[in-house]
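Below is one structure; the comments refer to it alone.
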Amino acid sequence: MKPLAWAYLALAYVFIFLPVAVLVVFSFQDGRLPVPPLQGLSLRWYEKVLSDGDLMTALGHSALVAVISSALALTLGFLAAHALARVHLPGSAVMRGLLIAPMTVSYLIIALGLLALFSQTGVRLSLWTAGIGHVVINLPLCFAISFAAMGDHQQAAERAARDLGASEAQVLWHVSAPMLAPALAAAFFLSVTFSWDEFIIAFLLTRFDVTLPVEIWSMLKSGLSPATNAVGSLVFLVSVTLVVILELTTFRKGRA
Amino acid sequence: MTADVTILHVSQHYAATTALDDVSLTVAAGEFVVLLGPSGCGKTTLLNLIGGFAEPSAGQILIGGRDMAGVAPAARPTTTVFQDYALFPHMTLAENVAFGLRMRGMGRDERRARAQEMLALVGLPGGDDRRPHELSGGQRQRVALARALAVWPDVLLLDEPLGALDLKLRRAMQDELKAIQRRVGTTFIHVTHDQEEAMAIADRIVVMNQGRIADLGPPRDVYLQPKTLFSAEFMGEINKIPVHAGHSPLGASVPGTGMLCIRPEAIGPTGSLPLGPARLLDAAFFGTHVRARYAPLARPDWVLTVHLPQTARPEPDSVAELYAQSYVLLET
Amino acid sequence: MATLAARERRLGWGLIAPALVWTAAFFLLPFAAMLALSFAHMEGRAIVSGLSLDNYARALGDPTMLKALVNSLEITAIVTLVSVLLAWPLAATIAWTIPPRLQRLALLLAVLPFWTSYVVRSYSWLLVLGKNGVLNKALIGAGLLGEPLQLASTRSATVIGFVHFFVMLLTLTIYANLVQLSPNYARAAADLGASRLRVLWHVILPLTLPGILTGAFLTFVLCIGDYITPQILGGNTELTLPQLIMLQLQRSGNFPLASALSVVLMAVVTLAYAAVARWIRLDRL
Amino acid sequence: MPTPKAALSPLAVLAVLAVTGPARAEGELNALVWCDHTDPALIEPFETANNVKVNLKEYEGTAAGMAILEQSRPGDWDVLVIDAVDVHRAVEAGRLAPLDPASLPQADLFPELVMAENNQVGGKTYAITEKFGYNTISYDRTKVDPADMEDWAALTSGKYDGRIGIYDYYLPVLGLVAVGQGMKTSDINAATLPALRDPLMKLRAAAKQVSDVVASQTALATGEVDIIVGGGEWLTAVLAADNPNLDWTIPRQGGLRWAQSIGVVQGAAHPDLALKFVQYILSPEGQARLATSSCYWGMPTNTRAGDVLTAEQKAVLRWDQQPDYLKRAQLYPIPDAATDQAMQDLWTEMLNQ
C-alpha cells in the first residue's frame, strides 16, 4: 500500500506542476516562441514585461478592483451574516438562499446579466462596473464564511458588550470583527484572489481600463510569446509569496 | 449606585410554553437576592427580562421606579455577569474591565485607573496585561465581575456565575461575592440552582418553580419554614409524613391536614413532637454528622432519615424512640 | 414606543438590507433584464423587445446549439468524474500517508499552481500539449512515439486543462472532509472485522460523500460555465455552451439569443443543484 | 437606523455611474479598431504630436464591432475601423459621420482602393480605405508542395488532412469557398449559400483548427499547422523575419481582397480630433507604420507610403506584384442582414463539427 501511495503522490505532483514548470522554464526562452527547443536563457522577456506600461496599469487596476470589491463584499456579507445569526427575522431561510444563490450561477451569466442591465440603463462600462460584478460573485462567499464562523462563543461576548453599553456598531467593530478576524481574513483573502484572477466579468464589463487577466488575454491573442510566460511566472511568484507569508502569519495563528 | 427593582405581574410565553406566569416581586435597593430553582423554572428568563435581553409578554418591570419597557440592555442601569463570563478573548484583562467605560466615552487614563480599582476590588491587582485564556476559571469569574461593576450599575445581574467552578472554589467565591456586594452596595440579583450557594450569599431567596414563585424569604425562613412543599423539598432533604385531621400513621398529632415536613437534623432522641419507635436500617458517617435511616415500627415500609451527632454510634437493628424538634405542616 | 423585539428586528433588517439590496440590484435585476432580453428578437441587426420564444426554439432545437449543450454536458461530466477520481486518492494519501506535521505543506504544494493566473494556466497547458509542445517532444525524444499526438485544439486538451484545475480544488475540499473524520470510525469498523477495502467502501466513503458532492457540484458549476479553458485549449472546435454564448454576443451581436442560451445554461445548473441539494450545504462551505 | 440610506446605496452607485461614467478626459480619443492599430509604434507618434491619449478597443469581424457599438452610448466612440465592404452597413445603422473629401488624400490612393461605391453613400463620403491585402492561402513551403497551393481543390484532396488551419472569419473564408467552387463572391446570397455548405464542411473536416488572426499566425509559425486558409501577407509578412519558409499565394481560381476603411463615428465626442487621427493614419508616415504593424502587415492604400517604406518592407509586402494580385482577387461578399445571419449560422455550425 505505502509504495503505491507514494508513487501516486509523485505522479499527482508531476501532473499538477507540469504546466507551471513549463511556463516558468520557457519564460527564459531566448527566442520568439515558448516551445522546444530551448534556445538559450534570457531575461529579456521579463524586461519587456516590466517595462510594458499597459500591463503595469492593468496590474494596478486589478489590485484596486480586488481590494475595493472584496472589502465591500466582506462588509456586506459580514453585516448580513451578523443580522441572520443575531436576530430572528421572518423569511431568514429565503434570504440566506438568496444571498448564497450567485454562488451557483456561472460567472458568464452574471456578467451577461449585468451587461444587459448596464446597456439598458445606459451605464458606461468601466473598472467600476467590473468591480460591481466582483462584489456580486464574492458577496456569497464572504457571507457564507462569516455566517459559518459565527458561534455561541462570540455571540455571548456580543451580548456582554451590548449589556455594557456598546452600540451595535461598537459591538461589531470592537467585539465581533476582532473575534472573527481569522475567518474574515480568510474570506477577504479568498475574495481578493477570486477578483484578482477573474476574467469573464472583467472582460465583458470593462472597456479601456482593463484588469490584468483581460490584459493577459489580449497578450495571448496577440500571439504565443515568452512574454506571456514571463507575466504568468511573475504573477505566480507574487501570489505564492503572498500565500506563503499569509500561511506563516495569519492563518497559522488563526488556527491556534 | 443602587436601585430597587419591582416586577409587576410579569408573564412570558414562548409559543406553547409558559416560562413565567404572573410573577410579582420587589427587590429593595442594595439587597442581595437569589433566584433559586431547578432548570426550566423561569429564573434565568426573569433575569433576562430584568437585563433587557427579552421583553415580557405581559407585566411591567421597574428599576429605581423607572419603567423599563422598550429600554435596551445598554440603556438599563443593569449589567450582567454571564454564566460563561463572555470575556472578550482578544482584549487584556484591563481592556475587558474598561470596555464599558470606553463605550461611554471615558478617557484612556481615567478608565485605566477605574479598571485597576475594580481589579483590585475583585482581588486581581496587577497582571492586567494578561488575556482571558491565560486565567483560571475563578480568575475569569472575577474579571467578569469587575467588568460588570466597573460601569457603576444600579443592579448587578448574575447568571449562575459560579456554575462552572469546582466545589471548593465555589464556596470561596461565595464568601467573596457576598463581601464585594457589601462593599459596593449595589443591588445583586443572582441566579443559581444550588440551594447551599443561595443560603450562603442571599439576603433573601426567591424559590421558583414552573414559572411561579414558590417561596421567598431570608434563607432561615425558607429552609426552616418553607411555604410550599416544593420549596421544602428543594431546599434540602426532608422527611414527609401525611397528616389527616390531626392524625398520622405514626401517631404524631399536629392539628390540621397536610404533609408534615421534618428536616433530618430536626429528628433526635428528644423533641416536642414524638414520632414513635423506629428500627435502625443503616447508618453512615458523613463527617459533620451520621446519617441514619430508620423504619418506624408503625409503618415498617417507610424510611425516616435522621442526622445524628458526629459522635453517635447507633447499634444495627436497635430500636429508638424518635422525636421532632421543629417541623412544618404544609398543605398538599 | 417600539418594543425591544421590534427594534431588534429593525436593526436586523438594517444590517441585512445592504447585502439584500445589492443582490437584488446587481444579481436579480440583471437576471431579469437578461430574461426579458431572451424573449426579444433581432430585426435585421437591431434588437426588438417582445415576447418571442424563437430564441429558445433555436437554443433547444437548432442542432448546432444542441450540440454545444451536449458538448458542455459531456465535458463537464467527464471532468467532474475524472477530477473526483484523481483527487480523492490524492487527498487520502496526503491525509493518511504523509506525517501530520508535513500535511499542510503537502496540501499547500498540491494547490500551489492554483495561484497562477487562470488565463495563464490554460495557456501553459497549450505549451505542454501542442504539436511541438513539451509533451510531444519528450515522448518522441524518448522513442515512445513516432508521430506527434494531436492534443491541442481537441476535447482532450480542454478536459486535461479542466481536470488540472479541479483536482486542486477537490483535493482541498476532500482533504478538509477526511481530516475531520475521527479515526475511530475506521478503527471501530476494522475492530468489527471489516477489511481495509470494506472500511473504505462502507465507512469512509459514505462519510466523505457530502464533501465530495459539494466539491463535485462546485466543479460542475465552474466547469460548465467556463469560457477560457475550452476557448484556449479546445480552440474553436467542439464549441461549448459558453463559447457559443460568446460567439452570439461578440460576433453576431445577437444578445437575445445569447441571453436565451444563458438561461438554458442556468437551468441546467439549477437542475443539477436540485438533484444534489439534499446532500450539500453551500452556506457551510 | 441604516435602512433607508443603505438600501439605496447600490442603486445610487448605479445612478452615479449612469450619469457620470468614468470622467472622459479632454483629449482622449476612443477608437474601435482592428488589432493592427494597437501597435504603439503606430499610435504613440500621434499621441505625442497632439498631446492626447488614444484608447483602443480591438475587435474582429464587422458584426462584432457593430455589436460593441450597439451596446455603447452615443459619444462613447470617436473613430471606427471597419471592413471597406461594410461601410454601408455602418452608415445605415447610423454609426458613421460624413467626412469632407477635401480633407483626405483621396488622390494619392491606389485607384482600385478608392472604392467609392463602398465608402460613399448617397454621394457623401463616410470613410476612406486605409489598408488592404489578400485572403488566400498561407503555407510553410518546406512542409507542403507549393505547386499544390495553386489549386483550392488540393486542400480537400486528403493529402493535407489535419494540417490545415482556417482563419476564423466567416466573410472571407465563405468567399474563398465560393471562389474555389468557381462562384463569384458577389453572387453569394440566401439562395446560393446552401451550395457552399458541403465544400465548407469538407474543408472543415480536413482542418485541424479554426482560429483568429494571431492564433493562426502562431499555429503556422510553430508548425501546429502547415496551411492557413484565409491567410495572406497579413499572416506571413509579420513572421517573415522569424520564419523565412512561410509563403502565400493566390491560387489559380483566385483569392479575396480585403480592405479596411476608417471613419469618424456619428456623435463622436471629439470629432475634430477623430478627423485628425484619420488624416494621420492616411498620411504617408501613418500608412507606413500601419502597413508594418506588429499585429499584421498589409499594403497601404496611399501610394506615397512607398517613399517611407524600406525596400525590404516593400519586398515583403510584394509592392510590385500588386497590379497582378489586384486583378485576380475579388472583393468580400456583401450580404444583406438575413444572408449575413445565415452565413454566421452556417459558420457556427461548421465550428461545432
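For clarity, chains are labelled A, B, C and D in written order, and residue numbers in each chain start from 1.
Rule of thumb we're sticking to: a contact is a pair of C-beta atoms (placed from the backbone, for glycine too) under 8 Å apart; a residue touches a chain by one contact, two chains touch by 3 or more.
Computed from a prediction, not measured in an experiment: that's the story for all the values here.
Using the contact threshold fixed earlier, the set of chains in contact with both subunit C and subunit D is A. With centres computed as the average of Cα coordinates, no chain lies farther from subunit C than B.
For chain pairs B-C and A-D, the one joined by more C-beta pairs in contact is A-D.
Put simply, the chain closest to the centre of the protein, by Cα centroids, is A.
Put simply, the C-alpha centre of subunit B and that of subunit C have 59 angstrom between them.
One inter-chain figure worth recording: subunit A and subunit D are separated by 36 Å, centre to centre, where each centre is the mean of the chain's CA atoms.
Mean C-alpha position of subunit A lies 55 Å from that of subunit B. In terms of their C-alpha centroids, the spacing between subunit B and subunit D amounts to 89 Å.
Taken residue by residue, subunit A touches two or more other chains at 35, 119, 132, 224, whereas all remaining positions touch fewer. Annotation for subunit D: residues 10, 14, 71, 215, 222 touch two or more other chains. For subunit C, the set of residues that touch two or more other chains comprises 11, 13-15, 18, 22, 26, 130, 132, 249, 255. Chain pairs that touch one another, listed by label: A-B, A-C, A-D, B-C, C-D. Only residues 10, 13-14, 17-18, 21-22, 30, 35, 38, 55-58, 71, 73, 76, 212, 214-215, 217-218, 221-222, 242, 294-295 of subunit D touch subunit A when the two sit together in their complex. Taken in their complex, subunit C has these residues touching subunit A: 8-9, 11-16, 18-20, 22-23, 26-31, 33-34, 36-37, 86, 89-90, 93-94, 96-98, 104, 106, 108-110, 112-113, 115-121, 123-128, 130, 132-134, 137, 164, 167-168, 196, 221-222, 224-228, 232, 242, 245-246, 249, 255, 258-259, 262, 265-266, 269-270, 273, 282-285. The touching residues of subunit A, counted against subunit D in their complex, run 32-33, 35, 115, 119, 121-124, 126-129, 132, 207-209, 218, 221-224. Against subunit A, the residues of subunit B that register as touching in their complex are 51, 53, 72-75, 78-80, 82, 84, 86-90, 99-100, 102-104, 147-148, 151. Interface of subunit C with subunit D (complex): residues 10-11, 13-15, 17-18, 21-22, 25-26, 42, 44-47, 62-64, 67-68, 71, 130-132, 150, 152-153, 235-239, 244, 247, 249-253, 255.
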